[in-house]
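Several structures are given next for inspection.
Below are two complexes that have chain A in common, paired first with chain B and then with chain C.
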Partner chain A sequence: MAHIHLEDGSFTLVWVLIWWIIALACIGAALWFLRSPGRNNQKLITIAAFITAAAFAVFQINIPLFGGVHLNLTPLIGILAGPVLGTLVVLVINILSAAIGHGGWGLVGANVLVNLSEVIVAYIIFRGIRRLIPDLFSRAGIATFAGLFCGNLMMVAIILISGIQGVTQSSSQILAGLTLIMAVNMGVAVIEALITGLVVRYIGKIRPDILGENHP
Partner chain B sequence: MKDVLQEKKGLIIFCLIALIVLISAFAAYAATGPMGIEERFNAAAGITPGEAEEEEEDGGLAGFAVEGNMMLYMLVLAVLAALCIAAYRHYHL
Partner chain C sequence: MSAAMISEHIPDIDLITTYGERQDSAVSRASPWTKFILLILIVMMITLTSNLVILIAMYAAILIACFMTGLPMRKILAWYAMPVVFVLSLVGIMAWNQPGVPVLSFTIGGFVLTLTDLGILLVITLLIKALISVTFSLFFLMTTKYAHFSAMISRIFPSPLDQIFLLAYRFLFLTLAMAASILKAVRSRGGGLVRSIRVQGGLFAGVFGLVFIRSFEQAERVQKAMTSRGYNGTFAAHTAIPKPRIAEYGLLCISGLAVIMMMWLVPHAGGW
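Entry: the complex of A and B
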């Protein structure tokens, strides 16, 4: 569950714009892929709608664990909707989250990139280790850990690259603090991995076609 | 037999990762102490409490609270649920 929980104004306007532009470039690429011939999978649109609603619902719930954390379900988005539709799903979730007051508007671009890295890595790992680990629960769980770890790395990198306005801490001090946040976040990844693993295993039992697991 | 071994291999890797991650998380939590998400970020970034906007948060139910505006959360969730029903009826699954 990586998400930059800083207020608007923490990053300079230049960095806010840079992260927004990179995020918009990713979204543009996703839209281009979706409009290309042969990629119009209508079932995936329904899956994306459901996973958007589910992820938005859990994204806003503060869980009283390690002082307060929340789940993302971004690896599940990657596994079920794929990285192309997943890009649009994380954009919608981040915009809606900012709209209800969870996270700053200026950080939506950066947070989309953080969540997008989770979606892409989880998707790649889930598909990539299929032969090595056929069991859906374990594979989805490992993909979730990998995705969330990369999301946390991305979060730390974005904050360190951007810098935070008006603070006196050095980069190494900020890195030390963010490393602790990363470790706490990864603790919650265990819950997220269990949920993702159980959901994927259930879907694999009743509708393996959704996971593309028809042909081993 | 091979499939059973492979399934166990996956579970062993999963459990090992979970164990390492949980030990690290508890160690980090012991170092930082009980803090909310925003507090932990502010402490890491060096933002003093006075600089950060104070957010009014209710206690929620057994510690589970909604981040952001509760009414807007319910409204957005209702709209998303309606869109899911529409997508399911139009595109099926």
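Entry: the complex of A and C
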């Protein structure tokens, strides 16, 4: 995993509600944007549903590297679906994940915000550096790593602001512990960036239209 | 093809659905709304309290309910793997240097690391909280029919989020089966063997890429087929959801009162 799914009981009720409200505001904005006139909602809805199912299925696959790695591929969702559909996809994935214990129900709000930062940053970088780096593998790899780095920063910020129930350490001590977790996560992020780069290159060869690339 | 073929420590959606469809216990026949509200109350309870006695009692009660309902306990225990990893990877580090009676202490690179009794208690508490939530979630999933879940999603989420959720939930089974069959094909050609990172990474990237491409192609086909049948962006689930019975209302009232009492008590113990 390149990031941690926070489990129920980690935060106090107040912080659970605060992160849920912020996440719902983001989801509300995505829904408002999706309902705006001139968008082919039927096609977008179907594509979002299949990306959700594919991302959830891919997460189940154990890659036999370094004892076993599961990848969330959240930045890939950003690259394929964009930030608007991506927001809704990460919400549904987090709810499905909470249902099987991969992240708490109360923490869906916080987990959505962590995933959302990955989706948005990966999308912006993948589209933003298209002219600078035309190669799909490198571009997707850089976008994924940057997305996961921001996701980790978001996770650290959320934990530092909320605090973990029962942890009585000072902020600097918590930050030291989180920095260690972040270092491990970024190690896995390198693997995820490489694999996402390969996946995007593979998709680019077979169906470049999915990536919104002009060249065949 | 079962999703269990993909990973043994990840909950098998097919098996969960099979148990959900059985409806051979009193809990299975209870209203899904009762179980849904109980899930919310349980999450609130474990968020509010860190009292180990209450938490252990809750966990034991849920485990007994799972056992009495005939759910596969060994499978459920195996599915704990990821939640346990999540908790330990976060709290396992923060448990060090907590105040309390030192149990274990050593120095690494000039830093003194001390594990205290309260540090161990913190890990155990958060672990039990996570397991309570996971076990009840699985209990809810394994005692509720697919049609009832679909109907609940349709009633809870706003459009078009409900559409995405319903379609994703429907196609999840197809996509999992597709991923499992691709993996089976890869393994049958020696793809499961541990090789260099480059080869292994490329192999699995191909599998992931294929899953996404096939999903996109299916999405296009399904969208065209649904549009030709009159789909206008509304895919409603009209299944009637059983309403809670009097005994279920009683259970919900007692559980709700327990949560309210905990909310009243907790501010005096440290705030919520």
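Assume the second predicted complex is superposed on the first by the 186 of 216 C-alpha atoms of A that agree within 3 Å, B and C clash if a C-alpha of one lies under 4 Å from a C-alpha of the other, contacts with A are read in each partner's own complex, and residues count from 1 in each chain.
Heads up, the rule we're going with is that a contact is a pair of C-beta atoms (placed from the backbone, for glycine too) under 8 Å apart; a residue touches a chain by one contact, two chains touch by 3 or more.
Source: prediction; values computed, not measured.
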item	value
Chain B versus chain C as contact partner of A:Phe145, first or second or both or neither	first
Comparing the two partners chain B and chain C, which touches a greater set of residues in chain A	C
Partner chain in contact with A:His102 - chain B first, chain C second, else both or neither	both
First, second, both or neither for A:Val167, with chain B first and chain C second	both
Contacts of A:Thr46 with chain B and chain C, given as first, second, both or neither	both
First, second, both or neither for A:Val58, with chain B first and chain C second	second
Touched partner set for A:Val112, first chain B, second chain C, both or neither	neither
Touched partner set for A:Asp135, first chain B, second chain C, both or neither	first
Touching partner for A:Val190 - first (chain B), second (chain C), both, neither	first
Which of chain B and chain C A:Ile181 touches, first, second, both or neither	both
Chain C-contacting residues of chain A that also contact chain B	4-7, 10, 42-43, 45-47, 49-50, 52-53, 56-57, 60-64, 70, 96, 99-102, 159, 164, 166-169, 173-174, 177, 180-181, 184, 197, 207, 210
Residue numbers on chain A that touch chain C, as the complex places them	1, 4-14, 16, 27, 31, 34-35, 41-43, 45-54, 56-58, 60-65, 70-71, 73, 76, 80, 88-89, 91-92, 95-96, 98-106, 159, 164-169, 173-174, 177, 180-181, 184, 191, 194-195, 197-203, 206-207, 210
Contact set on chain A toward chain B in their complex	4-7, 10, 42-43, 45-47, 49-50, 52-53, 56-57, 60-64, 66-70, 96-97, 99-102, 132-135, 137-139, 141-142, 145, 159, 164, 166-169, 173-174, 177-190, 193, 197, 207, 210
Of all residues in chain B, those that touch chain A in their complex	3, 6-7, 9-11, 13-14, 17-18, 21-22, 24-29, 31-41, 43-47, 51-53, 55, 57, 60, 62-69, 72-73, 76-77, 80-81, 83-84, 87-88, 91-93
Chain C - residues contacting chain A, complex	3, 6-7, 10-11, 13, 16, 39-40, 43-44, 46-48, 50, 79-80, 82-83, 85-87, 89-91, 93-94, 96-99, 121-122, 125-126, 129-130, 132-134, 137-138, 140-141, 158, 160-161, 163-172, 174-176, 178-179, 183, 192, 194, 197, 200-202, 204-213, 215-220, 222-223, 226-227, 231-233, 263, 271-272
